[in-house]
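Next come two complexes built around chain A: one with chain B, the other with chain C.
Coming up: the complex of A and B.
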């Protein structure tokens, strides 16, 4: 028996703003009470924050007497101590060099994030130039720039430099470790696994301390290098151990047919790895990689304990000097903002990359 | 008699305790079109994967275009340049465009400059009537288009032998025709071909010889007319009954 289909129902009315509010926030009496209470708390908190950070705040160091009277933030401390926070122990008259060095590294980072620079040779050239420029500016000794030894380096430029150097050195190490761990020769695979597991088994603090303090006792003079150099290499090995596992996971996620097809086409091993497998491995593990890079950026503050005045340590030093000691909250908020700018930039970049890849994936 | 394109003698391949190939003797002449058939697990795929050494045989001898396959890397790559392969699951590189999928392997396998490799790639893509897809990524293509791109990619290396490993098995029925048509075109161009396929119509139309395998052995081989009308072995008759529904 044939039946006529039931007449179509009218489409649900488009949700107006008011209807949405009622459904989501005021559906029941209980919902309404929770909404009002939470809303009030939010408004109060926001008002208090605005009062503290802006309305009652003291901005200028000349008016620092007022800091003691007001309930607001004393941003004057940033004006008074900002240079110490940003430059650490770097000589005052050469702060422009540190600024320039910092900008060089940041510019290099930004450039290497652009697809136009993706390629072994281009990236290698870019970073050689970037690090060269940084060291020339920071260390000096050429073109009439007075020498500033690494013991005096500090502040934001040191943080940014350590971070960039660790990732740029660590990434190739991670690729080598990940490939070695998959190698057909059991000795190679076993050795890579041993290195990765050992390094991951040790706290970063211990590794950096060993590189700074113990290594000079063990290594011959010519192999010791600079303390900062040793610390960066040790930090890079630590980063590489984690990143290697991320890359290995990425390699494992590629269907075996990809490698078989590349081999069947007569492509040499190097090309199979660098043109076919690694690009896909990185794509597949992009969120994990960005995560590891962000962690590394924040972990740079650990170098404090072996006597490097990166930005967090400089901040502590800035408030440790009596007269501004009471305003540590303002100083740490300032430092937190600096970290936030970098980390937020990194995660936005990661999100952009993922979007770009989804477009490619059709 | 001229040197055959492929010569296999006493080839044995084991996976753990399982013997996938159990003493294969097979010659394939230049320009010959061979269809390999048999029930699943009979060793057809393993046989052609041994020819370009994706699988490594344990015993016996395989000579491809005069080069014996052994452990030597240079020999293996030389053979792979002469042997193109098309897979059931296409295996296009998802991070490269269709054009790059075809041009990059050519550049890396034969050291061809980019411009020349891309010109070659476009030529093969238009031969397989997918030239208009060159700028797309594989995920944007239909199954039939993907497989035709995969054939074009293999042809870009300019191989003398083509291996097909169930090239139509992963396709929707309406796309089987366009891929078979491409294979017929290749066959008519004189390419040496070994096809593992269940497409008996293709075998009848194109093959010079049909080889039937079961349990890692070659049970029977004959020209298609004889193979389909008067199969000698009981296993062959049983298999044909199943695939042809007789």
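Coming up: the complex of A and C.
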């Protein structure tokens, strides 16, 4: 039985800004109720936040008596204890060195994010110079700078240094592990798989703890090195285990025909890997890589537990039990903002990179 | 020798043999050095120390432990603490994540803004900082004398959160179990044409029955629910949630919730719009499309990412050591400090976490395979 088609509906009206708002806010009566209730909560939250953080806040340490009276934030604590938060136990008169060292590493990070520096030799040279500058500034001992041992390093520059060192050391390790896991030699592949799966099954803290506390027992004196160095290497292995799986996924996403064709053309294996496979693997897994790097930045805070004075630990120290003890919220919010700025910057950079890659691919 | 290097096969064998020898030498060297160092410190290797009493207490435990408990029991208490906070945290994070994720795909602008603000705030700050922050908040609460009264049923003070707790005897529990079994059977029997309504009816009926049974068979001298009461400077009765546990749990639930929220959002967005439009075109109502098509497909898309997140959160429970929550890691590291049985305890520590995480990962894989749609991979 044939039925006549229903008459065609008129075209939907052109969407205006007002129609869009109405659809997003008051689509149904239920939506309208939700919008009003949630909107009231949002406005109330924002107002409370602005009151606390800005309008009722006390900004300068000279007026700290007012902190006890106001309901707002006492940012005076940041002025009074900011140096402790940012520099940890680093000697007071040498704070400029810590600042400079921190800036060197951040500048190196920013530079290596620029496409102009992408290339094995350039990146290696850049980071050698960056780390060299950092250690020279932080540790001293040359050019008349007094020596500051790693036990006294702390604050933001330690956080940034651990992060940069872990990623820079971990990335080549990850490439090696990923390639090894795909190798045709069963012992090589099995060993890589064992390392990757074991490390990924363990909490980072246990690995860092083993490196900091247990490793001196199992290593001869000449191989022990510095506690900070051991922790960074162990952290880098942890990062590499995760990054290796990301790279492996990227390698698997490349059609096998490309590798076969390149080998058939007589290209050497090294060139196949570094010029054909790895660039594509990195590009295909860029979001996951950025995500892992961001997680690593946040996880540097874990070294607090094994006795390093990076920015989280120095925040707790800055609060202490003394006169500023009551203003812990302000201190933690300040430190959270520091992390937020770095993490947010990294993820924005990742989004920009992704767009750029897509443009190149066309 | 040189000729052997020329063929690919023999070169592979030589490389692998060399690698094995190197790794073996490294491990053997480390074990021997460790042994030498331990002997120099006068520490006997082996697991005999597990039977010795510890001499130190822990402040939060599910089983009874004291400073006279053996190391084995103390380690068990730590492991149970890890599982306790981990499993509760996973459940809480999933709940928060579901709410936040659905807010972000709801289409309502205000809900989206609220959800996005939540995710961006709590995902971009390290978990350990959040845990320390919540601990500071909880320990800065007023002392028991000025405790915050939660509508008369609970109290919040710097000693923790006091909540009412069911105080049920063995008979009570048996009656409840019997009622639950009856509910399941009844729901299955009554479930016919309208399974949902029948199940709801059956459940309501049997819940009423359960309450009735409970009051009939209950010892009238004992209250069914024990309420916390203030007595001078402390509280008696009820359930006490220690600030260490509460702070770690809050941190894991909120941080994990932000991550799970993103997974939930991605899961909902991954469902092909064409499938949803097809369901609408077949005459399903909006709610039916949501319940029968959108949610089932979204959940399947979420599971692999969720499994990774669960394992990650389980490992994150070790951060409790920063605020003194005696999880497995904290108990093991204290034990290493006290006994010097480094190698054995490290093996127990890593073994424990590997078992927990592989069990969790295996369970999620099983669920994933069970739910997979036939004919798709």
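For the reader, a short list of remarks on this structure follows.
Criterion: the second predicted complex is superposed on the first by the 344 of 362 C-alpha atoms of A that agree within 3 Å, B and C clash if a C-alpha of one lies under 4 Å from a C-alpha of the other, contacts with A are read in each partner's own complex, and residues count from 1 in each chain.
Methods note: a contact is a pair of C-beta atoms (placed from the backbone, for glycine too) under 8 Å apart; a residue touches a chain by one contact, two chains touch by 3 or more.
Bear in mind the structure is a predicted one, so any value in this text is a computation, not a measurement.
When the two complexes are superposed, the chain touching more residues of chain A, out of chain B and chain C, is C. Of the two partner chains placed around the shared chain by superposition, chain C is the only one that A:24 touches, whereas chain B remains out of contact.
In the superposed model, A:110 makes contact with neither chain B nor chain C.
Contact with chain B, but none with chain C, is seen for A:258 once the two complexes are overlaid on the shared chain. Contact with chain B, but none with chain C, is seen for A:267 once the two complexes are overlaid on the shared chain. In the superposed model, A:339 lies in contact with chain C only, and not with chain B.
With both structures placed on the common chain, the touch criterion links A:49 to neither chain B nor chain C. Touch criterion not met for A:128: it reaches neither chain B nor chain C.
Judged by the touch definition given at the top, the superposed model places A:301 against chain C, while chain B stays out of reach.
Per the touch definition, chain C reaches chain A in the complex via residues 12, 15-16, 19-20, 23, 29-31, 33-34, 37-38, 107-111, 113-114, 120, 124-129, 132-133, 136-137, 140, 311, 315-319, 321-322, 329, 333, 336, 342-343, 346, 349-350, 353-354, 357-358.
Across the complex, chain C is touched by residues 21, 23-25, 27, 31, 34-35, 38-39, 41-42, 184-188, 191, 198, 201-206, 209-210, 213-214, 217-220, 298-302, 304-305, 312, 315-316, 319, 326, 328-329, 332, 335-336, 339-340, 343-344, 347 of chain A. On the side of chain B, the complex with chain A involves touching residues 52, 54, 77, 80-81, 83-85, 87, 89, 91-95, 104-105, 108-110, 136-140, 150, 153-154, 157. Across the complex, chain B is touched by residues 255, 257-258, 260-268, 271, 275-276, 279-280, 283, 360-362 of chain A.
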